[in-house]
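Across the two complexes that follow, subunit A remains constant while its partner is subunit B and subsequently subunit C.
== the complex of A and B ==
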């Protein structure tokens, strides 16, 4: 791997190597730019460093202190933020879905949220690139939305939990399909095919899973980029001319300064606004790129409620990736009394996670918990991914408390909105019907759960109403960019990572074009 | 003006039958190992899963017996075994189709990819069918043209071979599609056998006397590809997690090593068909090789 010196002024210094930063690093390096990508986390090697052990793999999570408040404080950590080269995708659930095209214009077409400054047809092109890069295994034809090309790899064999989703969906007259997943169903390069052991959300020690870590990062390195792990960015420096000059970062027990011509923030929806806010100067008293006051605003998560039940037959839902089948029925149905959409997928929580659900959602404890855990192999469930509407009351600000680096920690304020609650109730009702249709017994709902994050540095059409433009370039500082899940104006009813990658790929192409026209 | 070059022992029809036995045996071996592995993997969940193993063993024994048997007549027990094999294969296919249809989604790619394969029991049928045909062919008096349902046996056999090649190629195509043709060699079994099938259709319908050098050559190549396929599948197993060190898992989950030689078995039957056609030109002289 190429290594730069601190006083080398690289073309792009990217903070964060997840779905946004990692992808962008790969593509920018391939476009011929000099690139350094920092990550606060470690550069893991799946075959050597990953254990099939739920507790050991907590090393992948961002567990630094954060303050969470609001009416429904978010639970931070493994569910929504990673700290590793490759970002949250190292332990993501591999579900790789495209947005419904109308969501890019949800304000004008569907009457809620905000429009994106992006065109869905252009995104369709970049989705394809991302799917090819990750060799997504998906169904031969996808039942919803405009026609898309065939997935590069075939769908995986559906496990019994996935088949039970299918049975339920068929009983309700809904379509279902195999979930497009970022784990290979046949060999690819150094990745062997998936062995269906179900540790996907704890890092895949087989290396079958395709994440930023084993796709874009190696491509970035091959194209000459430097990946600097264990490097925590604390502050972006800006000069008097109003341009970013580089980044202060903490590594090996000391602070350093790396020079750069362009700085890209890709730390995801909490760390991105935090860094921008923490980089305030007298000229930018409210933080960088924040003339709109929107940095940290419109924090979104996705509703992740579930319905569980028990079958008489063995299910063994832990076998294989957890979400092998999906129905996007309610993402494409507009005949409903709430805004936004949702999908649901088959489930396969591992034992510790299941114990948490049992204690949390059902309040089981002691002997009752022990007895119920014995039914683990008969358990079945459906979990939604639902759209949460953007709301200014949900936001990331800075708390006065400081972390191990002496940086102010983020305060994360979140409450479900009225529309969110109606959507969740609707989904729980529908999932319950599906569970009843397959003859599940002792059905119960897990009402409190949320997962993916988005928002906090939204893209838009004007400096007053957004933080960055369609190219992820900040309106205020021409050489400061944000490229990750925080640029989402709305979050849609599907998991976000493929959209984040598509945005990063588009941004890289736009940067190349702008460089050619002398517009950087 | 017939017959100067015959009258060696064994009789030519028996020789042709010999080739058919070899083809049938090859198929039976492929089925025996393949279904053995697959059904061990399935833990013989359904007792019917031992049937293909037993049948292919019996077929194999009958083939061996037929091969060493120099009499120019059919043998009752062998004939019965082959007929039973055909029936078992057909039942297996029906059973696998039933299994697919009863899964959620019915006839969809997911179920075609991951249910009991349709092609495997058909291979059993074929091995039985080749055995039956061998019995028919050898049962012909030395000087007459072997016929099946009144038609030149060489033509019938050519047609059967063509169909078998197409079917087996379809099966390989389905499974290689499932594997996303991730290795370019995976295209061979979906291109070479259909070409061979076209040539064999030509042989079945064309002038019996017209001697093609290309058809047998292509059959030999297709047969060789079957053997090479085993090599590729051995390599394929090495690419699964743990490779051959982890063979107890990877051999079951990887590409089936014994499957590709079924092409070789069919190619052998095809060669037998061509030999029959050469030996019994309908409109002229016999030219036993």
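== the complex of A and C ==
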């Protein structure tokens, strides 16, 4: 791997190597730019470093200090953070879905949220690029939305839990399909086909999973980029001319300064606004790129409620990827009394997570808990990914407490809105019908759960109403960019990683075009 | 074939966890042990999962990091405050039935005293107490066997994905015919 010196002024210094930053690093390097990508986490080698163990693999999460408040404080950890080269894609559930086209114009077409400054047809092109780059395994034809080509790799075998979703959906007259997943169903390069070990959400120890870590990062390095791990960015420096000059970062026990012509922040919806706010100067007293006052605002999550039940049959839901089948029915139906949509997928929680659900949703403990847990192999469930509306009351600010680097920590404030609650109730009702249709007994709902994040540096049409433009370029500082899920104006009812990658691919192409026109 | 080296290292370290407290003070340790025994009562015919020791180890490693939910302090301090508060209600002197009744009141937020001011009983019970105890227990191979979880499987993986199918190395359920299950499980390993 090529390594740059601190006083080398690289073309792009990217902070974060997840779905946004890792993808962008690969594509920008392939476009011929000099690139350094920093990550606060370790550069893991899956074959040597990854255990089949829920607790051990917490090493992949961002567990630095954070304060949560609001009426419904978020639970930070595995579902919404990552601290490793490759970011949270190292432990993502591999679900790789496209947005419904109308969501890019949800204000104009559907009457809620905000429009994106992006066109769905252009995104369709970049979704395809991302799907090819990750060799997504999926169905030949996808039941919802505009036509798309068949997925690059055939769909995976469906496990018992996935079949039960299908049975329930058919009973309700809904379409279902095999979930497009970023784990290969046949060999690809150094990746063997998925062996269905089921620890997907805790890091793939065989490299069957196609994450940033084993797709875009190697491509970035091959194209001459440097991946600098264990490097925590503390501050972006800006000169008197109002341009970013580089980044102060902590590595090997000391602070350093890396020069760069352009700085890209790809820290996701908590660390991105935190870094911009922590980089305040007398000329930018409210943080960088924040003349709109919107840095940290409109924090969104996705509703992740579930319904569980018990079958007489053995389901053994721990085998295979947890979400092998999906129905997006309610993402594409508009005859409902709330805004936004949701999908649901089959489930396969491992023992600790299942115990968390039993204690969290049902409050079980004592002998009742231990006895109930013994039905583990007969449990079945459905879990939603639902759209949460952008709301100014939900935000990331700086707290006065500090972390191990001496940096002010983020305070994360979240409460469900009225529309969110109605959507969740609707989803729980529908998933309950599906569980009843398959003959599940002792059905219960997990009402309290959320997962992916978005917002906090939204893209838009004007400097007054957004932080970055359609090219992820900040309105205030021409060589400061944000490229990750924080640019989402709305979050849709599907997992966000493929959309983040598509945005990064588009941004890389736009940067190349702008460079050719002398517009950088 | 089904446990790679990284998995073995992680589980070995868990089985070898120090049985003496290194984070909690002597009295807190006693209260914690009683509490773990009530939240997850274990059979006496096998070695117990050392739940309290695993929590002690976790708090020593990461008791002042992670997510803090207002108004609770960081996890380690929250645990200490809650154990002391529970002790203040005479938890150690109650018989099992009354101890469980006290814990039920804690779960429903029905305990009140100044000792709970920074660790609201219901919030701590739901967000710290239950998760930490069940994580320690259900992360232990003894518990995996108890619930019939097939367990770590890297690089071997699983093959039989369908309903009512088990891979040959997975145990069959005892159900109503323990003798038949014993015979079927003789070659499972």
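Rule of thumb we're sticking to: the second predicted complex is superposed on the first by the 520 of 520 C-alpha atoms of A that agree within 3 Å, B and C clash if a C-alpha of one lies under 4 Å from a C-alpha of the other, contacts with A are read in each partner's own complex, and residues count from 1 in each chain.
FYI, contacts are C-beta pairs under 8 Å (C-beta built on N, C-alpha and C of every residue); 3 or more make two chains touch, one makes a residue touch a chain.
Keep in mind that what you see is a predicted model, and the values were worked out from it rather than measured.
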- Which partner does A:186 reach: the first (subunit B), the second (subunit C), both, or neither? first
- Task: Could you say whether A:115 touches subunit B, subunit C, both of them, or neither, answering first, second, both or neither?
- Result: neither
- Message: Under the stated touch criterion, which partner chain does A:154 make contact with: subunit B (first), subunit C (second), both, or neither?
- Response: first
- Task: Return the chain, subunit B or subunit C, that is in touch with more residues of subunit A.
- Result: C
- Thinking of the overlay built on chain A, is A:178 touched by subunit B (first), by subunit C (second), by both, or by neither? first
- Message: A:163 in the overlay: touching subunit B, subunit C, both, or neither? Say first, second, both or neither.
- Response: both
- Contacts of A:9 with subunit B and subunit C, given as first, second, both or neither: neither
- Please indicate which partner A:56 is in contact with in the superposed arrangement: first for subunit B, second for subunit C, both, or neither. second
- Please indicate which partner A:102 is in contact with in the superposed arrangement: first for subunit B, second for subunit C, both, or neither. neither
- Message: So in the superposed three-chain picture, is A:206 touching just subunit B, just subunit C, both, or none of them (first/second/both/neither)?
- Response: both
- Task: Could you list which residues of subunit A make contact with subunit B in one structure and with subunit C in the other?
- Result: 157-158, 163, 195, 206
- In the complex, subunit B touches subunit A at residues 103-105, 109-110, 113-114, 177-180, 182-183, 236, 239-242, 249, 253
- Which residues of subunit A touch subunit C in the complex? 48-56, 63-69, 73, 75-77, 157-160, 163, 194-199, 205-206, 313-316, 318-320, 350-352, 354-356, 358-360, 363, 365-367, 369-370, 373-374, 376-377, 404
- Task: In the complex, go through subunit C and note every residue touching subunit A.
- Result: 3-7, 9-11, 14, 38-41, 62, 64-70, 74, 100, 103, 107, 126, 130-131, 133-135, 137-139, 143-144, 146-166, 170, 173
- Message: Under the definition above, what is the set of subunit A residues touching subunit B in their complex?
- Response: 139-140, 152-155, 157-158, 163, 166-167, 170, 176, 178, 185-188, 192-193, 195, 206, 208
